[in-house]
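Here come two complexes built around subunit A, the first alongside subunit B, the second alongside subunit C.
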Partner chain A sequence: MRRYIAFVVLLGLLLGVLVWVTSFVTEAQGLMNPLAWEEIYDLTIEHIQMVVVAEAIAIAIGVPLGILIALPQFRALSPPVLGFAGVGQSVPSLAVIAIMSPIFALLSLNSTGYWPVVVALIIYGLMPIIRNAFAGMSNVDPALIEAGRGMGMTQGQIIRQVQIPIAISVIVAGIRTSTTLNVGAATLGVLNGAGGLGEPILSGMATSTYLVTLQGGAAAAALAVIVDRLIGGVESWLTPKGLLVAQS
Partner chain B sequence: MKRVCVGVVALALLFVLGSTSLQAQQDDVDINVVAKNFTEEFIMGQLQKLALQAAGFSNVSVTDGLSSTALRDAMESGDGNLAMDYTGTTFGTHLGLELKPGLSPDFVYQKMAQVDLANGFVTLDRSEGHNTFAMAATANFAQNPGDFDSVNTVPDEVELPVDTMPELAALYNANDGSIPAIIDLEFAERDDGLKLLQRVYEFEISDDALTKASVGKSLQALANNEFPVGMVFATDPAIAENNFTTMADTSRAFPPFDQYAYASSELIAEAPGVATAINNMISCFPGGIGEDWSIELRNESQTVWRNLNAQVAVEDKSPEEAARSFLEDCDAVDLSS
Partner chain C sequence: MIELENVIKVFPDGTEAVKDLSLKVPRGEICVLIGPSGCGKTTSMKMINRLIPITSGKIYVNGQDIQTFNPQDLRRNIGYAIQQVGLFPHMTVRENIEVVPKLLGWSKQERLKRARELLDMVGMDPDTYLDRHPSELSGGQQQRIGVARCLGADPPNLLMDEPFGAIDPITREKLQDEFLRIQDEIQKTIIFVTHDIDEALKMGDRIALMSEGELIQYSTPPELLANPANDFVRDFVGADRALKELRLLRVEEVMNPTPPTVDANDSFQVAREKFEREDQQTGRLRRYMLVVEGDHFRGWVDRHDLDGQPEDGHVRDVIIKSAATAGPDMSMNQAMATVLSNAIGNLAITDEQNRLLGLLTFNSIRRVMAQSYTGEEAAEPTDDDTLETEEL
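For the complex of A and B:
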């Protein structure tokens, strides 16, 4: 129960700020007016679209890849793969987005808007997913794998019925980290013309209208908190009961 | 022998003193030029320094990289005593006078000069370079708007190439506002940005057609022909480099932002030659005090500024090299002296 208190307090605070600025500040502030609810709604949808598409692809690539390099026969691949993903993560998110646009232009693709940002978010979000999938799979007690083998399980069966169920909470924790990070990183997508909640944040800053920045910031932060909690819920729901008992 | 030596030294001293007597007075004057943090201002700092040196002032320092407010603060505190700024910036931002559509460049200049005199500043000459927001179109779009999918109708009042705001507005109005445009976030939100243009020229860019991005991104997208229409800064060298057509603001929706110089009254009292030197330099740019506004004059002046900025931004010269090569071509300033 205690872990929900922090969540509720934080979310309440953020939504409180959002409601205060959006519904109760009526006078023009500096060079801009505070955004209306429907504008915030549209921007939030744009924001969610970027993150959901990027995360879906990052999960589709990252989880199988992380599991694969944890297998004994592909273990040799793990340093380069983790290293590559690590580079994507250690470069600042702004730089990953900024680099994507000239790369798209070089490939004669549309370098403005949605896709360059989504690709940047995929690269940025891969690392925690791959690393956790790899760590989750590698840290399964060898005695359990041995026991499976002793029962006559194939490698596929061991992966599906022993390793993944044990590693699943770690794998989902990686997805949770990645998604929460990307909710933040996606605020920079607006620099490339992709819209989203970064739009009020940056245009408020550009026009010294800080209440508008606060609106965008509060909405993006609330979104991150909600996403974090939702995936946290999935995480505990997927964790095998036996492991929960063992943990507690 | 000793006497001969003393005599020679004395003669030499006399000679040196004699030849520099004019400059000795100029050397007493400390001039600190302050400038802002972008290419055009870097160049303006060097233009002032070179013009002053040509006039015999040798104690000239340039401090650039300041924000707009930091520059004004420096001038007010006396840390700087000479600067170049933009008429609209001083008029609206620093003096708090009301900028509204339709103001003529000379009205803004005269009014501002008069008010700033009471603040202890002498306002020097201006150009007509008007560096502010402008809408621009790619060369393709300006020449053949009808070739674009988003354009179904080219109204009769549009005379190709599309190069004025009323023509651009007519195109938007005839096509449901659906011609894609990319603009900077600040321009999108400021009440005196796109919203002002839309009010003055009575058109609307539909939400779906409008993309907001950073300044750099919007220029790049325009340069890559990903968007036919976008926002630029009027004296940005990228305009010449990429062959963009800027839309003339015929109704003067945007107040004038002309480059001009101002100095502290003490400096001008101490060394009136500063005013002459700086005014001579500014006369190298088209436009000036008392001149009537016309689109042609503004275009001419903006082109001069754009080409000058391009020497730094495109040809990679230092601001000083650019300023020097510009002044070498201008008769009003004699760098050889």
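For the complex of A and C:
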């Protein structure tokens, strides 16, 4: 299944490149009309907004959920939760977005625009967050948890004072993966009328002004790299010093 | 004080980990729990701080039933050192030591004062180590911090699960010695789990030997060595138990406190007379005698060296000075090693000012060992100072 999807995606990409290259020959005119930077800037802000809202909600759901299912009393819930989140991610992002629109319509909500896309991004971004939060928490050495318990810490104190500080870098790494993925996935939001950097990509292709497509693509790629670095920085900033020493 | 009364633990899977365990650890004593792997040591210990619920029976800490406490309160008042040390890697040494004081709501100043005090106690410089992380410490230092941490809030009772496990023998001995020194001051009631019979004999005021969830023998180390309850205990303690017993004895308990001596300023004639008098009293030929000057130990004299000397000479002219000495607190196994590596075959026992306190001879060591094997005084009349060493 996954392989098949990867294959289709790859095929699509190749097709896109092919169309783009032929366009150089046939539509050289269109290339000369790039978008103004202000427009790119506005679209980037729109894009960031979409991703930030989706991620904030995904983090708010995913981190506590990942932590919860790592606790001994809820450990039994971990296979179904991780399984569900896994499905959310293995379906192509395009499909997740496409499915959201009819679901919103079924619920008699506005089925176009921003919110169906945000919900799709939340679902798409949950998996890395839940999985890392779960892994980070459950990989804490049981001896440390026992030491905490034996010294009279409550479960809440153990979670806050022992497990989370030790797992924090793994948890943030999950957020980083999720956000980077969603910066890319959000470009598809345009298909549901949500705007963002998908807009120049799509309109450029539609009107054969491929420079515009390139502008949108480059801005999205740059955003992904910046977000990745930024959260990477947060990750090492949040990692307790004692653990950094242990790694070096 | 910790008391277990008919404690039974059956795990949900049916494993009977502890069968009817009754044990009383008086205030200020170290009770060592020892036994083969899986005999229920850790389980017994964890029932005391309610990390594992008991199936039936009663446990009292300082006379109060542990079930009447809230588990967190109970645990905050019982120091607990887990086997794997379990220092929190993301916390500094100081934060690790302050865990329980913080849970108990001590003020920042009180906590810092206590952390410094404890670092001093375990022999680590506070200014150097307070802000280090566990990953910046050696294994031995980590174990020290583990001990310091369980003493954090100065609880009267401690549970220690192999606190000196997984460490090289030399560091281990050092930590044991330090811990005994600390215990001398702090007088905690301690349950101490170990796999190592030598550690048990050294650390324990009493030893509880367990097997398959049952308490086989609960007695003091010398008693365990001298009167093993059954073959299991005999095997567990090992065939060299007489040697082990030597570890428990201090030189002071074995030495002859009033050995015959000659003074460095005695003439050869006086010295020869002393040798002869001793020979007559003991019926044996004596080869060496201690030389003192007033109270102070000066060396040894070999009676052969007295022969053919000019009559106006003194003992100090022929004194053998190179002999080793030992303090009265030295353990007998160490003293024996010293005796065996010493040409004279005897050991002068002196205090720090080199005043003579007594004499330890190979024969006296043999007598102690014979006693522990047969359980009674050796019948042979013994003479501490008879020397049967070869010619020098």
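The rule is short, and it goes like this: the second predicted complex is superposed on the first by the 217 of 248 C-alpha atoms of A that agree within 3 Å, B and C clash if a C-alpha of one lies under 4 Å from a C-alpha of the other, contacts with A are read in each partner's own complex, and residues count from 1 in each chain.
The working rule: a residue touches a chain if its C-beta (ideal position, glycine included) is under 8 Å from a C-beta of that chain, and two chains touch if they have at least 3 such contacts.
Quick caveat, the model's predicted, so the values are computed rather than measured.
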| item | value |
| --- | --- |
| Fit or clash between subunit C and subunit B when superposed on subunit A | fit |
| Partner chain(s) touched by A:56 [first = subunit B, second = subunit C, both, neither] | neither |
| Partner chain in contact with A:36 - subunit B first, subunit C second, else both or neither | neither |
| Which of subunit B and subunit C A:202 touches, first, second, both or neither | first |
| Subunit B versus subunit C as contact partner of A:157, first or second or both or neither | second |
| A:192 touches, of subunit B and subunit C: first, second, both or neither? | first |
| Touching partner for A:87 - first (subunit B), second (subunit C), both, neither | neither |
| Contacts of A:101 with subunit B and subunit C, given as first, second, both or neither | first |
| After superposition on chain A, the shortest CA separation from subunit B to subunit C (Å) | 50 |
| Residues of subunit B touching subunit A in the complex | 182, 184-186, 188-192, 211-214, 217-218, 220-221, 224, 226-227 |
| Sites on subunit C touched by subunit A in the complex | 46, 49, 51, 71-77, 80, 82-84, 86-92, 99-100, 103, 133-136, 149, 159 |
| Contact set on subunit A toward subunit C in their complex | 141, 143-144, 146-154, 157, 162, 165-166, 240-243, 245-246 |
| Sites on subunit A touched by subunit B in the complex | 28, 31-32, 101-102, 105, 110-113, 190-193, 195, 199, 202-203, 206-207, 209, 212 |
